[in-house]
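Let me give you the structure first, and then I'll get to my questions.
Every chain is named by a letter (A, B, C, D and E) in the order it is written, and numbering of its residues begins at 1.
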Amino acid sequence: MNKLRYPPPGTAPATLIVPQEHQGQKPMVSLIEYDAHSIEERKVDTIDDLLSCLDNDKVSWINVHGLGDAQFFQQLGSHFRIHQLALEDIFNVGQRPKIEEYDHQLFIVLAMAYQNKEQEVVFEQVSMVLAEKFVITIQEDAGDVFDPVRQRLRERGGNARFMKADYLAYALIDAVIDGYFPIIESLGDSMDDLQETLLENPTRERVRQLHEFRRVIAQIRRAVWPQRDVLGRLMRDETGLVAVRTKPFFRDCYDHAVVMLDLLENFREHTRDIMDLYLSSINIRTSDILRVLTVISSIFIPLTFIAGVYGMNFDPKASPINMPELEWPFGYPFAICLMLAVAVGMIVFFRHKKWL
Amino acid sequence: MNKLRYPPPGTAPATLIVPQEHQGQKPMVSLIEYDAHSIEERKVDTIDDLLSCLDNDKVSWINVHGLGDAQFFQQLGSHFRIHQLALEDIFNVGQRPKIEEYDHQLFIVLAMAYQNKEQEVVFEQVSMVLAEKFVITIQEDAGDVFDPVRQRLRERGGNARFMKADYLAYALIDAVIDGYFPIIESLGDSMDDLQETLLENPTRERVRQLHEFRRVIAQIRRAVWPQRDVLGRLMRDETGLVAVRTKPFFRDCYDHAVVMLDLLENFREHTRDIMDLYLSSINIRTSDILRVLTVISSIFIPLTFIAGVYGMNFDPKASPINMPELEWPFGYPFAICLMLAVAVGMIVFFRHKKWL
Amino acid sequence: MNKLRYPPPGTAPATLIVPQEHQGQKPMVSLIEYDAHSIEERKVDTIDDLLSCLDNDKVSWINVHGLGDAQFFQQLGSHFRIHQLALEDIFNVGQRPKIEEYDHQLFIVLAMAYQNKEQEVVFEQVSMVLAEKFVITIQEDAGDVFDPVRQRLRERGGNARFMKADYLAYALIDAVIDGYFPIIESLGDSMDDLQETLLENPTRERVRQLHEFRRVIAQIRRAVWPQRDVLGRLMRDETGLVAVRTKPFFRDCYDHAVVMLDLLENFREHTRDIMDLYLSSINIRTSDILRVLTVISSIFIPLTFIAGVYGMNFDPKASPINMPELEWPFGYPFAICLMLAVAVGMIVFFRHKKWL
Amino acid sequence: MNKLRYPPPGTAPATLIVPQEHQGQKPMVSLIEYDAHSIEERKVDTIDDLLSCLDNDKVSWINVHGLGDAQFFQQLGSHFRIHQLALEDIFNVGQRPKIEEYDHQLFIVLAMAYQNKEQEVVFEQVSMVLAEKFVITIQEDAGDVFDPVRQRLRERGGNARFMKADYLAYALIDAVIDGYFPIIESLGDSMDDLQETLLENPTRERVRQLHEFRRVIAQIRRAVWPQRDVLGRLMRDETGLVAVRTKPFFRDCYDHAVVMLDLLENFREHTRDIMDLYLSSINIRTSDILRVLTVISSIFIPLTFIAGVYGMNFDPKASPINMPELEWPFGYPFAICLMLAVAVGMIVFFRHKKWL
Amino acid sequence: MNKLRYPPPGTAPATLIVPQEHQGQKPMVSLIEYDAHSIEERKVDTIDDLLSCLDNDKVSWINVHGLGDAQFFQQLGSHFRIHQLALEDIFNVGQRPKIEEYDHQLFIVLAMAYQNKEQEVVFEQVSMVLAEKFVITIQEDAGDVFDPVRQRLRERGGNARFMKADYLAYALIDAVIDGYFPIIESLGDSMDDLQETLLENPTRERVRQLHEFRRVIAQIRRAVWPQRDVLGRLMRDETGLVAVRTKPFFRDCYDHAVVMLDLLENFREHTRDIMDLYLSSINIRTSDILRVLTVISSIFIPLTFIAGVYGMNFDPKASPINMPELEWPFGYPFAICLMLAVAVGMIVFFRHKKWL
């Protein structure tokens, strides 16, 4: 999501290239097998340990994190008949969320989001393969939003244990989607803060923050939007991999995505409004500043001129028309009155203009 | 609508969690049973008192308010076969209006709106379950827009008593939808006020009000829009729960929603226009202020300069070219004429520019 | 269109409430019956006089104006089997144009527009019921755009007399739609005027007029748009009420509506462009004013400063470094030259900046 | 396109009214009949001369220009079975391009464009009737874009002579559509010019030109857009009038229209960008001007104040605290240093603000 | 893409006109024939050398560059049954990417993009004919993005050698599409640079660069968008030319195009945001400059006025009310205090306004 990762143009599809930052990361595999009666969890070391789960009647959930070993995934792919293009998408993380149908399998790419310690929103790709009897999830890093699901499986919470792999897939996708709610809520809070501070104390830094905020909203929107489509397709599934009684659950999850998109749209409009408010307040302020400048300048510049006139050094003695005012007994009061008249005239004019 | 309420990510669907502010609120249940001949209204204390209405041939309307007792709703759900996801939506108020089809039932979420004492628009979720013989409505608080419907039922007003549960559902939804009309009307009035005051006396406070106004319009729009879709689906119902002769009524109600959305769109455009008008009037005003500043400064600054020149103290006696004007007999009139010439030149220039 | 009229929320549908301003207005009914051979026109006083037209083979056009008598419309409705929701829409004038299908009838709401004496655009609702053998039109006030149609019927003009009720309906709707053409033409003219005056002489009043103009365009657009949809549905009619050979006429009328919407869209873009032009001309002007202010201030303020320096009263006699310039033989020319140098420097600088 | 022409509201459809400017213009008719072996061209005087072409097996192209004789068109219509609504559209030139299907005929309205001597884009309506064995084209004025087609027919160029009337229609429509290419190219050139001059030398006149340019683009777009739809319908024709092997040619022509719309969209965005660039350059310039004004004023106004202080005439002899500086031996250097300090301080401040 | 190239209006379709800049360029033809067992590459001089590939069972890839010989292409067209309209599109380079279906052939136009030495994005048309057993690609110039594909064919890399012509077409199209990734990545980098420099140091030049950047994004978008549609049609191919097992590959390639469009949309929004940020920072800066100007002017202009008053030359000896201050013992301190009071008052006022 954050960074564009793409295969070198022209390479054969399904060439698995371990990204540099994952190099040497050994895949960690855990397996949960359950039915209504029992549940078994274990760490798995080799692909062969996984093969048993293809035979029994339990639902198997294979979770992998770490993308450092291309060969492991090649084997995984060939054992579980994962299409080579799906394998490529698992490796080229940063895919757009999507759902693809292959023989007897649905391949789903999800974008899991969480806030890191700096409260920044981070996205991580979760790839999922849903078959009749198993679900495989592949993540980049350890740490995910699936712990409550594991807990429910262990404790027979809700329906999970009594239903099939499709319901497990639902529970996992639901956990990914609902993981956006707290993020959106915290964004809503910080937006309100931003509005206050921006309108109180507009600085370039705050405006930059607002734009950063808009960028994050757009990013989340771009992550949720295609996931809504994924859910829409799951709730209308025609492959037979999703049971009729599971579909309402996907519809519910779809509704959550719609609510989120609604909220994000809302945020977007709201930030646009804050921006408009802010710009108009800058304009009002500029107009205000200019008004003060104009009033003060317009009053005092003419007065200064009058004072300047009577500061001229023409010699009154050279001729009787050379600045006789200077020697009038009432010269000074006359000048003061002239100044007052000009000042009052200006003030009346500005009152009339409603600038005072 | 106002506040985002969401289940903790990862919890099993249909976990009913009583929201803190509803904690301890006992649900109040009232039951109205009627057919063309008779009508009976009563308060109900336990779920068991409701069960009778599943058997007889009358139309039953069960109205509940108060969300403080999860167990009560669990029982209600199991007796009336309400799907667990619908129950969850009843509890997580603040849902987007929607309609969902379950076995032999339609589950509808509506957003009821009213203005509180401070004239603020408040939204309250009304959930509705429509089955063949009963309608269940669940609200957060006491007080609703359904009293005229109750009155019509009691008085055999209109068709209500002669028709089935689908018509009752229509009457209730229609009451919710039509409840937006007075709100929209009062918004229209306050928009006109706002336009007047904003253009007369533009302050930052008014601009903020205008944006607040836009926010309310957007909020109502977001409430009405999905309800229009709900009505669209009801008027084309294919479940058989809505009789052919009831459909035109839903179409009528759908039309009301369309008219509202039209009006809200209208308001939205109009507020945008007011904003534009306002911004352009700020711009004109700034340009106006600057014109006055420029005219006055440009006239008097050169004059002051001339006065300043003749206020210099160069000694005319030091040489004949040292400010001989000061001792000319016509020095002062010459200076005054020079000033007049400059002033007139400036005025002519500004006239030419149409700034005067 | 202009004013929101809505039933009190919660009232039964089809409650006919005479609006206050229509109270006491007796409905005026006129009946035209015709076939290819004969035509008969008469004023009708009671509903019973109308019933004959249900039996004969002629086409009947019943035109009613005046909405002051709810009971009359109840009777009309029951005799001609008009659905109660259609009756309600007839009464609650200000409906959005629409078409609704009832048993063997099409109910159509149109918005007739004309310019009143103050050249304001006024809208009036025309409701129409189209059945196999009759057309009923209901208007608010006397005076309509149908006189040319009446004339054509009387004079056997065009096809009207040889065709059925559907063609009559077409002729009436066409008259309503084409009635928008002169209005749009006159709007086009006044837009051109507005453009001239706004760009010549921008005042806040003109900007307000432009926005008012935009509002009128939006209003007409909101009236024509749904009527286009009505026509679209009529030209693809599947009820059998519109004959195959009448459909091309509705298609023609539909094209007229499309042309109008095109023109209105055009006007809308054009007013937006005028507004942009206007705003940019304000900006250019502000920049222009500032340039003059800056040039004049920047030249004269330094000069005034120099004059001020040589106007200081330091005593040259106190020490040889105390303003010796004042007593230099060439002190004054020196000061003048200094000023000239500064002024020329400034002018060169502004020339370089292309501000002069 | 340029001017709204509409029938008087309420007149019967298909009333042919000769527009005033065409009054008295005698229609000029030319006929080209051809098959693979022979071709015959002649001027035709009366309708009867045309009738022969209905019988033979050749393809006939009847071209008419001049709309001054309603009776001629009535006859043409009745002989060639042209629908009265099509006839009306032929007369009310300025129609939106469209295609309409009548019995065994397609009626097509095209907008032919060319640049007149003043390089203005002028539109002219070309109406076309396509039947199995003939094509009729009707234009307002002499002079058209069809000469290359005539040449190809005479010279057996391309496929034209070996194919049917549908291919002739294609060739003519293609000539009309491709006629837009040189116009769009010349618009592209003048847009580049405009950009240069606007950004070099922004005047209100140039801005007006840019808007005029946008208006022309919008006009062409409104002409091409519906013609694209016409072509889309022809390339998917289901009337049987367009042969399967002609359809790829219409698809090709459709592609040309799509390319044009792409380019026009491109131009539109580009003019919007020029406008934005221009507005932002005005803003930068205003800010620049203000910076110069502020720097110069802020440096010299305080200096002038200091000079003013030492230009006051308080009598140092009245008391020792009355302007003793004036008589200090170092009074003048002190004042100059004070001024320098203030100036340097200001410059440092502006450097810090990055305004210098 | 860059330049509009169109046939002279009215010319017969499929007239092959060698564009002036290609005149005399001899077409260079290379042929690769392969099956799972063997691969043969050779340069071809005459059309006849190509004909063998129509007979054998291998997959043939004929690559041509150079458009200087119309006759060669006429022959190519007739031998390989390429439709004349396709041939015309091959020649009129600068076509919009598209796919067209002809008898047993798909004709595809692609836009190959690369960055030249000046880092400008350059587009080149690649035309492709896909038939059951061969693929023909025609380019303008030597040099393409197909070398990795050639390499894979030679080395049996991926699936290419084991599959049919449709897979070869996929590999080539995929190479063209993926060739956009590095360009988009480098655009992303330069956008980040631009943001930094624009906000640090806003000049008109930078704004122009930003607009240029937007133009490039729009250009790439216009190239990728129709190619996405081409891929969409290939992945849902119904002609039988694309095998079922090749379709997922086209779907994968389609996804790449979608990701690119997403990124480009992202860039577009981001540049819009940078522009907004930039404009608001200009506004803040203007307001800032004005604030400084206003504060300094408003403080010193009144002070200068006071100094001017006491610089007037009225003769205190002419009367006792003629500037007696000048001879007060505390005249000077009084004036200084007056000035201080005014200055402090102004500062307090500006503090109150939060301008200081």
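Simple rule for what comes next: a residue touches a chain if its C-beta (ideal position, glycine included) is under 8 Å from a C-beta of that chain, and two chains touch if they have at least 3 such contacts.
As the structure is a prediction and not an experimental result, all values here were calculated from the model.
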Fitted rotation between subunit B and its twin subunit E in degrees, CA, nearest 5: 145
Computed distance of Cα centres, subunit C from subunit B, in Å: 25
Length of the line joining the C-alpha centres of subunit A and subunit D, rounded to whole Å: 40
Subunit D, residues touching no fewer than two other chains: 283, 286, 290, 293, 297, 301, 304, 308, 311-313, 323
Graph class of chain-chain contacts, one of line, ring, star, complete, other: ring
Order around the closed ring of chains, commencing at subunit B, then subunit C: B, C, D, E, A
Complex contact set, residues of subunit E against subunit D: 4, 6-15, 83, 85, 88-89, 95-96, 98, 100, 102, 202-204, 207-208, 211, 214-215, 218, 222, 275, 278-279, 282-283, 285-286, 288-290, 292-293, 296-297, 300-301, 303-304, 307-308, 310-313, 323, 325-333, 335
Residues of subunit D touching subunit E in the complex: 145-149, 152, 157-160, 171, 174-175, 178-179, 181-182, 184-185, 188, 199, 248-249, 251-252, 255-256, 258-259, 262-263, 266, 269-270, 273, 276-277, 280-281, 283-284, 286-287, 290-291, 293-294, 297-298, 301-302, 304-305, 308-309, 311-315, 318-319, 321-323, 353, 355
